[in-house]
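A, B, C, D and E are the chain letters, set down in written order, and residue numbers restart from 1 in every chain.
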Amino acid sequence: MKYSYFPGCTLHTQTKNFNDSIKSTSAILDIELEELKDWQCCGAVYPLTTDSAMGLVSPYRSLQKAHECGNNLVTVCSACYNVLKRTNLTVANDGEIRTKLSNYMDVDEYAGESKVLHLLEAMRENNGFGIIKEKTINPLKGLKVAPYYGCLLLRPSKELKFDDPENPTIFEEFIKSIGAVAVDFPNRIECCGAYVSITSQRKVKGASESILKSASNREADIIITSCPLCYHNLAKEQERLEKDDYTFKPIPILYFTQLLALALGLEVESCGFESNKIDARPILKSKGLIYRGDA
Amino acid sequence: MKKIGVFVCWCGLNISSTVDVGKASEELKNYPGVFYADDYKYLCSDPGQELIKKTIIDNKLEGIVVAACSPNMHESTFRAAAEAAGLNPYRVEITNIREQTSWVHSNKEDATIKAIQLIKATVEKVKKSEDLFPQQIPLTKKVLVIGGGISGMTVALEVAEAGYPVILVEKEPQIGGNMAKLSETFPTLDCASCILTPKTAEVGRHSNITLMTNSEVVESSGYFGNFTVKIKRKPTFVDWEKCIGCMLCQEKCPKKTNSDFEHGMGKRKAISVAFPQAIPYRPIINEKECIYFKTGKCKMCVKVCPVDCIEFEQLENIVEENIGAIVVASGYELLPKEKLSEYGQGKYADVIDGMQFERIASASGPTEGVIRRPSDGKIPQSIVFIQCAGSRDNQKDRPYCSKICCMYTAKHAMLYKHQVHDGTATVFYMDIRAGGKGYEEFVQRAIEDDHVLYLRGRVARVYEEDGKLVVLGVDTLSSEQVRIEADLVVLATAVIPSEKAKVLGQTLKVGTDAYGFFNEAHPKLRPVESMTKGVFLAGCAQAPRDIPETVSQATGAAAKVITMFSKNHLVSDPQVAKVNEKICVGCLQCEPICPYKAIEPETIEVRIGHTVEKRQVATINKGLCQGCGACSVACRSGAMNLSGFSNEQILEELKALCL
Amino acid sequence: MNKLLRSNVSCLLKKLSEHTEIYASTEEDGVCILAKLDNYEEWTMNYVRTANSVKDVFFPQNEEIMKYKDASSDLKIEAPKPFKERIAFGVRPCDAAAMLLLDDVFLKGEFYDSYYKERREKGTIITIACEKPDQHCFCTSFDLSPGATEGSDIVLYPTEDFFLVVEVTEKGKKLIKDNAELFEDIGAKPEIVDSYKNMRTVLGDVCIPNDLNEKLKGEFDNSYWKKIARRCLGCGNCTFVCPTCHCFAVCDVARGCDGKRARTWDSCKFQDFFLMAGDHNPRPTQIERTRQRFMHKLNYFKEKYDKYQCIGCGRCVEKCPVGVHIADVITHMKEEL
Amino acid sequence: MSVKFKPNIICFACNWCSYTGADMAGTSRMKYPATIKIIRVPCSGRVNPTFIMKAYQKGADGVLIAGCHPGDCHYNSGNYFAKRRFLLATRFMNYIGIDAKRLRMEWISAAEGVKFARVMAEFSETISELGPNWRAREEV
Amino acid sequence: MMTMTEKMREQVKELFVNNEIKLFIGFEKGFTKFSRIPAFAENYDEAKKMIIDEFETPFLAKYLIRELEEVAAGIVEKSERVAILTRGCDYLGIRRLIVDNIILRENIVIVGIPCDGLIDVKKANKLLGEEAREITIDEENVIAKGKTENKIISKAEVVLDRCRQCIMCEPKESDIMLAEKTANVKKNKDYSKIEEIEKMSAKERYEFWSRQFERCIRCFACRDACTACNCRKCIFDITEPEMLEKTVATSEQFMFHFIRAFHVAGRCSACGECERVCPVDIPLGLLNGKLRKDIEFLFNVEEAGIPSEIEPLGEFKLDDPDEW
């Protein structure tokens, strides 16, 4: 299955390990991701004022270019997925904005014909989880993984239709397919504070803290997410917690493709564990999932 | 050429002030086809009527045109007069020269010309009229009530009292419906079964009511006054005639199963009766759970039964009944909590819905009235009630208000507080809808006397955290987020139509709205009738409503049925569609247009010379057709025509008006 | 014989139109029809035959017979207004010959049709000989030819730049005399006339035996009728375009107390043409009606007027949607009987 | 003084709403020109487009169809069918040359007597401006 | 296309041999050159003279009405069935009769042939300048031999107008398919002529149409050729009520064409047969086309030409347009 791939701004910089693991794992699962030529910022959270069409220019451009290459657009970061998918819908339904945008950029009109998919959706679409189960060489037995969805993947559910907004199961399926154990912790769909962290630390502190606490008292070994912004907030909060609240046991946060890479038998080095803020290798080693050979 | 009489009315000054009535009747005297033309001061008065009758009899007139006020006023009067004089009433037509001519025009000359033209047009219409005779439709005076809840029983009792036979069909093995499951009822807190059992008993023993429990209506055909209905009687595996109701079998039966009457709160035996006051008080074997059906062994009930009335090989049978009217009282169900994923999607045992709380609080319930936690049976110290769980929620495409939840949640809170004085009962609500008689006072009593804590806000999520149920909500009045750890959470889930309602609607050809409630003929003026003539609605089948409203609506439906049965046969308006079978080719393009589904294909035999040819033509069910005439426009060859407003009549009127 | 230059044809028409109505062939939306002409430039020559025939001029589809006023009180009846002079210009020889057949029907014998008679007297037919008959023509089979003069008052034989004018009837002579200035006498030119007369049609001769009508007598349930009728759709196309068909129906058009009586064409192919009172129809299916049409043309007409009722103009053949062809019938009946 | 042209307008009024609306206009003594003649039909769905064409042929200058508001129809769906037929009829007649302004459809409920009178006056005015309709009219 | 004729003969032989049909309706050479006329074969040797080629052919669907019993007689057994040669446009006609309960699908055998446009001999003659003596057709172009010179014309130039807007190249479903399915090339709708007329002023439009209608001689060929007109007794033959008077005045002509157009509104599948059979070539397609265009636009019907179970005028949507 061939898709256009929209990495999103952090994938080439801060979260390079996420991007590498995506490329390596999708190659194995024969999902061909062809990166969009000279893509730019997806427009961040769905432009707040929907009445002005200008906020949709950049997502429209990416969608229009993906459509020209003739295949659907896959993205990984929750924010990009949210923005692109909702722009796709607005453009499909609202002829006026569509003409305004295409006149402004003088490209021929694109009316939302192709689809926007998250990498997990692309996997689920063509029996991805079945293929993962087959190709998992090193199942992560005994590893308790807490999937953190965040909100941009799920809401507004009528437009995104990613999963059941109140009770999503896609990450659980993914975790089962790589052999790990999914931990059901209540705050998995609470908001991590997103970009509010820029304006008011106090609000974010509360949000991220409750997520981490809820995951830790369900004895989760690893938290996985697919959104660099959630990763950033949770990781930063974890550092603060380590300093102030010594009772708190830090939990490593990984991108789901890193665990996938491990499960598919790629070398540990290529999974990019080194650039995670909290190193996950000790726990993986204690669970006997990596460095089995050496002491 | 027909002999037509024209009568122009002065109506005192109303018409004569702007229409020269004398000139009009003069002009009409020598119009082709008019035998007698005259004007009179007040035609609708008795002497006026006498004048018309006398002229008809003396001159043996074949058609009458009365130029006076609007047909909506006196058409029936003049038609009755003509009928008294022996002329078919549908040979009389009215020209409206008052409301639509004299009163609305000032120029006398124009008004007179217009009046004369209108009268000439009506004369042309009468020339093309035919004798029409109202249809006598035979009527079976027997009513079928579908649903044995409080509404079905009320209708059955009312109609039975009026002396007409009633067939009451109930899909559960016993009647009582949802009301039998309730503990107490608001606003008087009197116990539900105390006020219900006299009614169920009376239904049980009333001579006019044939009770068919454990059965469903599977097919219905025919039209109002003449329905034939097929009822499937599901097997009970116990011969209820022989059974004396000693319930030994229920005691001795080894197999315990989940009782759907208790909504999962309690258990019952494989052979048992749902609750002690059930009518008919006879046991039924649950095929899926009974050991004999699974393995062929056990047969304990056969051993203990003194009158040997267990029949394992009992089969379902289809009963056919001729019915005059149908009352749909299929009641309601609560939205299953599995549908509400934000409240745990049914995973947590201690998150229950309103009906389950009723069973726990009910004296004949599994806990004999003591409110306990279903998970560990402990008495809960803090309960959270969540209103509008699933209703007033666009996300779930159910924006309507279920009307009864505010009241029964207040009742639940009061019952709990009466048992556990120091317990805390919190109610998350948006707006309290307590509009009935004594309702608001009831809720005030819950707040002030029983100290129920009402928090205005919706609950975001409910999840289990080390044995406690954490309720995340908000209190919009103090605009603070609220986190309550409760022992028990009761959801006031939405009222939805009973799950077989949609199928029932299709069988009876009665429309349902987007949510599955039955469509009433007119929301304000005809709430108890459905769109299909002869099918009436009662209770929650039509929309969520509480018991007082249900009973009053049920009595209304019963009144409708009784008025329908008060006549020996039904008279249908003869101004309905009619098919000219010589021309009809049977293309049935008229069929989709009829809103009353009164058109069906039929095969007729036509003799041409010595060969008999079979042909398909359309036929009209005179009982259902209301005479709108939309089908006659779809008929290309003009085979479908509407008597009273036929193509010929309208065309002649048109031509006369354009001369 | 005279000569008429092509250029002054339109001025001839203009001159004639002062006191007569001119019906000439004109092209309207791609179809050549014989219609009342007021602008003479619209006259055209490039057609083989006009969609409607000259029958339209003398026996129109819709003719008012009489008018009546306030029928209920004192009935007054008005005759139709007298007809004006008419000239049919650009008619083909075969159509002109057809008029003779109609004359037999409407004028011969004890009773005549006054309306038709008046129109015929006040009408003159100016025919133009056919330069190139097409595949449908078979007028030669009925001893006519592209240059035949029967039925027309004046026949114009077209050559490159002028028409050779041949007067056939007194009326024709008179007309030429009145407009002598437009004509030039160029003496006899028989070779032009003969060249048209011996021109053969593409279809060639169908050579109808003289006693075909004898053979056809009583051929009521010949299987061949069923074979053709099976194809026939039952539309009135062939009868309405045929210059020789003359069936008509009379009907009253009432408007309240007054109205008029009108005569309109009717076709033996219509379902209700033979419908009688009491719903009896002697020719209920298409077989009888198709048989009737050909029997009338080849049998009954011949017996009554000793001429076949067909002139081979080919209209019914060209216009029949399913290709029922009278020549086909003739050849088949010739062989079979 | 040239005799002002008096149009001849036919109105098909549905018995349950518009005809009663017309009566309401009468009882409240509204005034509208006497050029309009009303034919009572059980429902606007009863009006066959052929009747409209027949009206023009027989000499009507304007035709108006009055029916119940969509959703109020006594027969539940009559006016929806009428709307579809009217949409096609008005466009088709305009296409063959009969001015679309000469045909009008209005939803008039039983209570809208005022609206009935206003629509009648308006329509009569537009038709008088348009003048007599000779197109597709028969000459007797 | 010769192989097509042989394949047809083979199939027909097979059908007659195992007694599967009682009649086969196809085409045969007409009396005049290049004309194809309907042919009825009740046994194999009558079918021998039947041919299939790309010349203009009449429509066969309407014959089924007379050849088959009434629908009420039910499904006849195999040997009583009627086989009919069907191109895409014929199929629409047959569908029309089936939807109108005039014939039963089980009583007919559809012998389908693909077609990408038939040849209009008149156009070929016009390009040649005279009546062609011989016309041969191959893959792309047509060779017309006149008396003196021959002319090679590309097929696209001489294809029939109605085939240019063909909405169905071969029958959607058929019992026997003589040739493999051609690419069902989707032709876009061409309402340009209708838009041209719409742009005219009301007066011009009235003059245009009254000129056309005046030529009409009321022969009812258009009604008798149209499969949508399948009534047992046509309203124009009914005298009480007299929708149409016998006199052929202009107003009666307007009435006739208005009623006929409305009776095929939403039922006409643009087969162009009424235009072909009209003796005075009235552009009836522009009348029916206007109604079809409006139906597609107003009630957003995808393709009003394809017969639907319920006609567009037989149903309604709550959100039908309100403005007029």
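Quick note on the criterion: contacts are C-beta pairs under 8 Å (C-beta built on N, C-alpha and C of every residue); 3 or more make two chains touch, one makes a residue touch a chain.
Just so it is clear, the model here is predicted, and its values are computed rather than measured.
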Chain labels contacting chain B and also chain E:
C, D
Set of chains adjacent to chain A and to chain E
B
Which chain maximises the distance between its CA centroid and that of chain D?
A
Interface with more contacting C-beta pairs, comparing B-D to B-C:
B-D
What's the chain with its C-alpha centre farthest out from chain B?
C
Can you check how far apart chain A and chain B are, centre to centre, with Cα atoms defining each centre and the answer in Å?
52
Chain A to chain C, mean C-alpha position gap in Å, rounds to 88
Hey, how far is the Cα centre of chain C from the one of chain E, in Å?
31
What whole-Å value do you get for the distance between chain D and chain E if each is reduced to the mean of its CA atoms?
38
Which residue numbers or ranges of chain D touch two or more of the other chains?
49, 54, 77, 81, 85
Each of the following residues of chain E touches two or more other chains, namely 233, 243, 249, 313
Quick one: which bits of chain E touch chain B in the complex? Just the residue numbers, please.
70-73, 100-102, 230-235, 238, 240-241, 243, 263, 310-311, 313-315
Please name which positions on chain B make contact with chain A in the complex.
340-342, 345, 395, 461, 463, 465, 470
Any idea which chain E residues touch chain D in the complex?
197-198, 202-203, 205-210, 243, 249-252, 254-255, 257-259, 261-262, 265, 287, 290-291, 294-295, 298-299, 312-313, 316, 318, 320-322, 324
Sites on chain D touched by chain E in the complex
49-50, 53-54, 57, 70, 77, 80-81, 83-99, 105, 135-139
Considering only the defined contacts, which chain D positions touch chain B in the complex?
6, 8, 10, 19-20, 22-23, 25-27, 29-35, 37-43, 45-49, 51, 54-55, 58-60, 74-78, 81-82, 85, 117
